[in-house]
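Labels A, B, C, D and E are assigned to the chains in the order they are written; within every chain, residues are numbered from 1.
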Amino acid sequence: MQFLEKSKLGVLLMQLNVQYRLLVPVEYKGLTQFAPYSQVEYGVSQFYLDGNVTVSPKTVYLPQSEAMYKFSAQGKKLAIEEMPALEHMQVLFGVRHCDTKAIACLDKVFLDEQFPDPQYKDKRDKTIVFALACNNPKATCFCESMGIDRAHADNSVADVQVYDLGDVYGFEAVSEKGKACLDGLTGLNEGASRLPDQKPQSIAFDAANLPEKLKDMFDHPIWDEYAFKCLNCGTCSYICPTCHCFDINNKMRGTTGLKLRTWDSCMFGEYTQMAGGHNPRPGKKERVRNRFLHKLQYFNEKHDMSLCVGCGRCIAKCPVNMDITKFIRQVIAE
Amino acid sequence: MERVGVFICHCGSNIGAVVDCARVAESVKDYPGVAFSTDYKYMCSEPGQEMIQNAIREHNLNRVVVASCSPRMHEKTFRACVAKAGLNEYMFEMANIREHCSWVHAGRNEEATEKAIDLVKMAISKVCNNEVLMKGHAPVTKRALVVGGGIAGIQCALDIANNGYQVDILERTPSIGGKMSQIDKTFPTIDCSACILTPKMVEASSHPNIKLITFAELEKVDGYVGNFEVTIRSKARSVDMSKCTGCGTCMTKCPGKADDEFNMNLRKRTAIYTPFPQAIPNKPVIDRESCLKFKSRKEGKDVCGVCAKLCPAGAIDYEQQDELFTERYGAIVMATGYEQFDHSIYGEYGYGKYPDVISGLHFERLVNASGPTQGHIVRPSDHKEPKTVVMVKCVGSRDPEHGKSYCSRTCCMYTAKQATMIRDHCPDTKVYVFYMDVRTPGKLYDEFYNRTREEYGVEYIRGRVSKIYQDGETLRVKGEDTLLGRQIEIDADMVILANAMIPNPDSERMAQIVGIGYDKDGWFTESHPKLGPVETHTAGVFLAGACQGPKDIPDSVAQAGAAAVKVCALLSKDQLETEPTVSKVDNKLCSGCGLCVPVCPYKAISLETIQERVAGKTIERQVANINGSLCQGCGACTVTCRSGAANLKHFTNAQILAEVDALCQTIL
Amino acid sequence: MSDNSVKTANDVAENFEPKILVFACNWCTYAGADLAGTSRLQYPPNVRILRVPCSCRVNPQFVIRAFQRGIDGVLVAGCHPGDCHYTTGNYYTRRRFLLINRMMEYMGIDPKRFHTRWISGAEGPKFQQVVTEMIEEVRAIGPNRKLRDDMKVTVNTDDIVASVEADTKVVADNV
Amino acid sequence: MSNAFVYNFDQVQNEMRAMAKELLESGEATMVIGWEKGALPYQSTPVMIRSAEDVDKLIWDAYCQQNLSTYLIDYIYTDEKVAIFAKGCDTRAYNRLIQDNRIKAEKCIVIGVPCPGMKNAREAARLPENAEVPMANACKECRYPNPVVFDKRVGTDVTAWCTERDFSDVEAIEAMPADDKYAFWQSQYTKCIRCYACRNICPACNCTSCIFDQSASGWCSKDINASENQFYGVTRAFHVAGRCIECGQCEMVCPSEVPIMLMNKKFIKDIDSLFGAHEAGLDTNTPAPLSHFSVSDPEEFM
Amino acid sequence: MDYAYFPGCSLESTGIEFHMSAKAVTKALGINLIEIPDWNCCGASSAHTRGHWISLALPARNMAIAEAAKLDVAIPCAACYARSKQVEVEVSQSAETRAKIEEIIGRPYKGESKARNLTDILYRDLGVDKIAAKVVRPLDGLNVLTYYGCLMTRPPELACDDVEDPVSLDEIMKALGANVLQWGFKTECCGGSLTACRPKVGLDMTQKILDAAIKAGADCIVTACPMCHSNLDMRQAQLAKHDHNYHMPVFFITEMIGLALGMKQKDLGVDRHFIATEEVMCKLEEYEQEQIQKMMNEGGEA
């Protein structure tokens, strides 16, 4: 394990920012998200490590609005212009393991063997992830209950594991990419590896047999109790690291246009609106049920991993303070 | 799939001289939706319209854009043209590249062409969002209303009635007849005004299809073409029309005195009066300002009552009040006539200070046999026959500074007529006429004017009068004679001013009530100065006579006939085609909030309860419903409606957004 | 910053031709513009007239949409209160645009860029004068870069905040 | 001085529970909607009580912010008789929904609760455990803490701590030069992720189908950039202009902390100065300022 | 009501009675006239024959001093008024004129302080009813003719009353109780300087006016211009040589007001006229006696 005094972190980030396009967690006027480190240099936003960011690093790989290709009509013919790939490599610094697990979930969806998503794949290949062990979780965190090890990268996403050891930071290469990147850095000195002491999480439960339990709860009255308070806004799905639904639409300017991929949410009515006016999920109950089941049951059945990584963002930001853990505990207790 | 045909018109050189029409046609050839694009010298001509119709068939176009003049001019023409080729007339848009482009950007050809291309792109983007619309139908009330009982109103009512339709004449004063009843003789034939007017009045009053509503005013007009609901205020006459026989004894003994407006206040009249002997209806009215009983009632006393005592038919009813009643009409003709310009603002002409300075209408009353002087031309001051009379023309007309900027058209002729009549009545009276120009724009007009000068020896002096003042017995008129280039002073016994014509002082209020336009001087605005002089922009409202602009009796009568034909054309239909460009509510989007209901000027929107199946259950909920025939398509509700449920057909949100996007400046 | 970077202020100085959109009510202002045409009253060709049945048909969202599409100035014109062909249409226009004009100024758009005026069918010269004045005023303050909806091609994680700072520096309106 | 000290939460809470029990047992209401404790101390969440035993779930503290009136919309087509607890602003929201014809009075029972002013949950999340949490922004300017309309009520009226609105924040922005104003709004609306939480919580935004849910209508593309977000922001502000009851929930629920009330308050300030003072939601018959006019409105467009 | 006061050369010499009566009357009516310190001649009758800039610069200096004190200038004499008004109008309308004038007179002058004719001040600013209220000795029974001359009404841009039909003198005289007759010579020219350099032409114009006055049966003529007053008053003796004997008293408007306000003739300078004014005075007294007489016997009966 290699060590770095906490005070020298800025220097390290400067180096990274020179070699790569460095993205770090920042706070900007109340909104915390991942942004280019140049913003911290300009003093526009503040470096923010003391908690997980509200808008998850999903935006790095699946931006909220992204052009897939540009098309224009020349006379009667149509010309398509692909979007350029990333110019240079990126480093994503400070990702906690709930988010790395979330990216692993997204990989299951977007890096499918037969139909890998080119733009997603391009970003994943060109990004080196510095995962940060999470010492003091927020009151809304419950990643351990969802089987996530806050200290060790147990998935293929993290390239370097960073530990906050009180006065120093510990760096441990996990993947080849990570090792190459660390070698390129100076100022790190070798030492015996040790682990940070991590505070326990306030919420804890065993979600092991959750999917089985949920299998026959499709018509359970519990849904009324939870769904009635939901407003069907898109907050939870947009800030959730694992929600990955998107809508394809275009944006025209006269005879040229862009084919856009933008986030969408199953909570919106228009999401399942069909031609002719029929909507298979007309009300709140169906939509909340669908979201919970997709996260806790359907994804497991397909990919044997839960689509909820216990980051607790939805608990913090839901306008009506819906609490998924209360739901899970109630299901477990059934 | 939109297949738009674009046709750029040169309009001879009107557009072609400034806009490169070929380039415009060429540059929109590949615009989304365009299947065919060409230009031609005269799109509105016969061959031009045929070209459109052939193109529609050949290229099976389902939308057409014509870039030419203002849609206010030829939209109807081109809609009919595309309809003939089997295309729905609302799948058509126009781009105005003449009034809004070539005519106002002369010499800037390059930029004008760029602008034309933009305007055509806007029209194409809009037409791509047009939908097929069918004209609606609304019932027609087979009854017309003529507002104003002058010669124009009477003639129009007669022409309508003779076509078999019911018509009401609404007159503000106690009797029909209007200004013409005050006039003694009419030019150019000098036949007696009353002789040609009173038969018409009698014919109107006795015509089975005509109802006279006199001493009443227009209060409120609702509804729309074919279905006007007019509220009329019938002012209290204090005489029961059904009982009164018109014997006139009450008028003989009435102690109340008031200025006789009909005789231009040259004499007094009784409080209970008929305006003039041949008045129709020949039933008196009590003027409550000058009637002793009503005046005393104000101070809590109750005196006089002579007329009630004398009246053999017991028709006097002091308790009568104004009453409002509503009537339904299919068409309205405005014939509110003109008023004389108040020349007292010309202090230098001494009006009001010198009694012998009078206006044209005053003279008409002097020379009229039933007038205050029984037809003798005498000076108001001392009732002596004037030896020298000076007539001053263009008092108030053609004077943008203090008066009106326009020429009042009739003064030259009636001044010549009055001069002839003076010379006729008092052969040895000298008559001078100060003029700027003499305008005799009619049949036998100029001959009449020449006869006035040659046979009747009237002295025409080309020049303006600067000042008139009392100089002892006579009026000293100071002016100039521009032809001789010298100042001139005349001692006149009487001066007659030829005042300008202005619209009825109440014209602006009435225009707002009926919902038609008026110009800066208050004349009603016709739909087109040349091609639509008797129509207005409001369907179903027509104009007749001087209310549309200064004009003499022949023109007024001609216009009255024209307006009558338009009314009859309208009333001849059992059903009226209503424009389909009205607002419509999409029930799926409407949440029944009712914010649009108070916004509609025509009260066309109401909340209706509908039944719907939601999640397997039939429920009832309220949605806004727009009555297509009442709605006139203003669009106020479409902006109040937050969810876009109310949308105005032919001007939908999508169409307007498409037009805005067509101008897009941003780059991707 | 993406490739179609917003034009910086200085490269536009001299030959800037503003594009003005006029929402003209069919019965009065459109007729006034026609009258300006028939009387051959010349005015600069920067104006595009969009016909609406009544000024009360103009939704403030159209005006903001125009600025999004890069139009430099918007005029909403209708009949004088009392003359409206639909009797009360322009009273609603007045209420709406008294509010939305203040809000647009509150959002930082230069008030010279949006006007609401009453122009009747007989006021051809007034149409010419209002339009010419507006074009000169907008030409003086340069192209509008506020509210523009230039598509930022998000090639990679070009996050939102970076674009803010770039925009804010460039966007200074009358730099 | 937040008058939470004088105000006795627990006493009102007990009254609420008793009222709920009585309504459920008598069958007058098939369901009572109130608040229960959420996951965190500064979170209370709406709860639906159907049986009398569960009434003890009901709590009443300084974080019961959600406006329960909007839930009534979901039940107008059912034969449920729904009772809700309603603070001063919630009752104004109730009037708003009645006036907008979205709920039927006979299906609802409004239990008025005098409100001492709710605490700012967002600040509470940032502050350490036992710090003094300030009052929510909208509650600072609240002039109607006591319910303006109710079928039943609990607790005793509180004295309003503010008599007129404070437009100093709006005036501060008005005074800024044009570019700074634009930079301010653009940076704020760049943060917006168009989750529509502000629209869905707002009692004035109660359309069955919103134009931002009809992407085919062409009003606003789903692209996320400062321009489209500002179009959404100002359009929504215009739609609720003259109808907004100033409950401040839009600002509270925004995950990006965009100061949405600054826009609504600008419209409120202008409506008051231009068309006469107007308070939305105090009754159900005063017409909305933008759906009527006065001939003597100020004339600036001659 | 404070004004800077510019008497002008005539009011120090031939028109001294206009100056005396103006000072007395304005003081009595509460108008405070502050004489411009070190004023110079406005170049009325001859300056514009020598050159345009000198004709503007002379009055400009006086106006500039008044402008420094931020006062409008009250000018009784019509000629001085016309000259001062012209420089005020030309300077406020064109920047180069202003620059050139400021360079010549060596002090700033923006054209903001207005040149005001004293009659116009009495009629418009003060108002006839205020004058009527102060009348002690009404001029009832006195038949007067008002005479405006040229410079008060022409050219239109400088005129202080209607070009064709001026009314200010008429209204003031009516307020004093006089019987104002009608005649056509209100704005005819009195001959001006022609009565000196081209007597044949000038005197003929003066004579026409006097003849018209006699024909109209006036007791006296009232004017507000020293040049007209001297021509009408002084030249009557010269005209007497051509076998017409004229005896038409000519008064200044301020003298008339003074008399009506009960002031003594000496203080107003009425005794300094060429044509004696006794008849008018005793006519007033006679009339007064009759009034007292009538009141006496009415009083007696009642």
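Quick notes on this one:
By definition in this document, a contact is a pair of C-beta atoms (placed from the backbone, for glycine too) under 8 Å apart; a residue touches a chain by one contact, two chains touch by 3 or more.
These numbers come from a predicted model, not from an experiment.
Note on connectivity: the fewest chain-to-chain touch steps from subunit B to subunit D number 1. Taking subunit B out in thought, with all other chains where they are, the connected groups by touch are A, C, D | E.
A comparison of C-alpha centroids places C closest to the centre of the full protein. The chain with its CA mean position farthest from that of subunit B is A. Look at the CA centroids: the one farthest from the centroid of subunit D belongs to E.
Counting C-beta pairs in contact, the chain pair with the largest number is B-C.
If each chain is reduced to the centroid of its CA atoms, subunit D and subunit E end up 74 Å from each other. Here the CA centre of subunit A is 42 Å from the CA centre of subunit C. Measuring from the averaged C-alpha position of subunit A to that of subunit D gives a distance of 31 Å. Each chain gets one centre point, the mean of its Cα atoms, and the points for subunit A and subunit B are 72 Å apart. Shown for subunit D are the residues that touch two or more other chains, namely 187, 191, 209, 214, 219, 223-225, 290. Residue positions of subunit B touching 2 or more other chains: 588, 599, 614, 640, 653, 657, 661, 664, 666-668. For subunit C, the set of residues touching two or more other chains reads 60, 65, 68, 88, 92, 96, 148-151, 153, 160-161, 164. Subunit B meets subunit C in the complex at residues 70-72, 96, 98-101, 103-106, 108, 111-112, 114-115, 118-119, 122, 512, 515, 517-520, 525, 537-538, 581, 599, 601-602, 632-636, 638-640, 648, 651, 653, 656-657, 659-661, 663-668.
Those residues of subunit A that touch subunit D in the complex are listed here as 28-31, 54-55, 64-65, 139-140, 203, 224-225, 228-229, 231-235, 238-239, 247, 249, 251, 260, 262-265, 268-270, 283-284, 315-317, 319-323, 325-326.
If you check the complex, the residues on subunit D that touch subunit C are 170, 173-174, 178-187, 190-191, 219, 223-228, 230-231, 234-235, 237-238, 241, 263, 266-267, 270-271, 274-275, 289-290, 293-295, 297-302. The part of subunit B that touches subunit A in the complex is made up of residues 30-32, 121, 588, 614-615, 661-662, 664, 666-668.
Residue ranges on subunit D touching subunit B, taken from their complex, read 77, 100-102, 206-211, 214, 217-219, 239, 287-288, 290-292.
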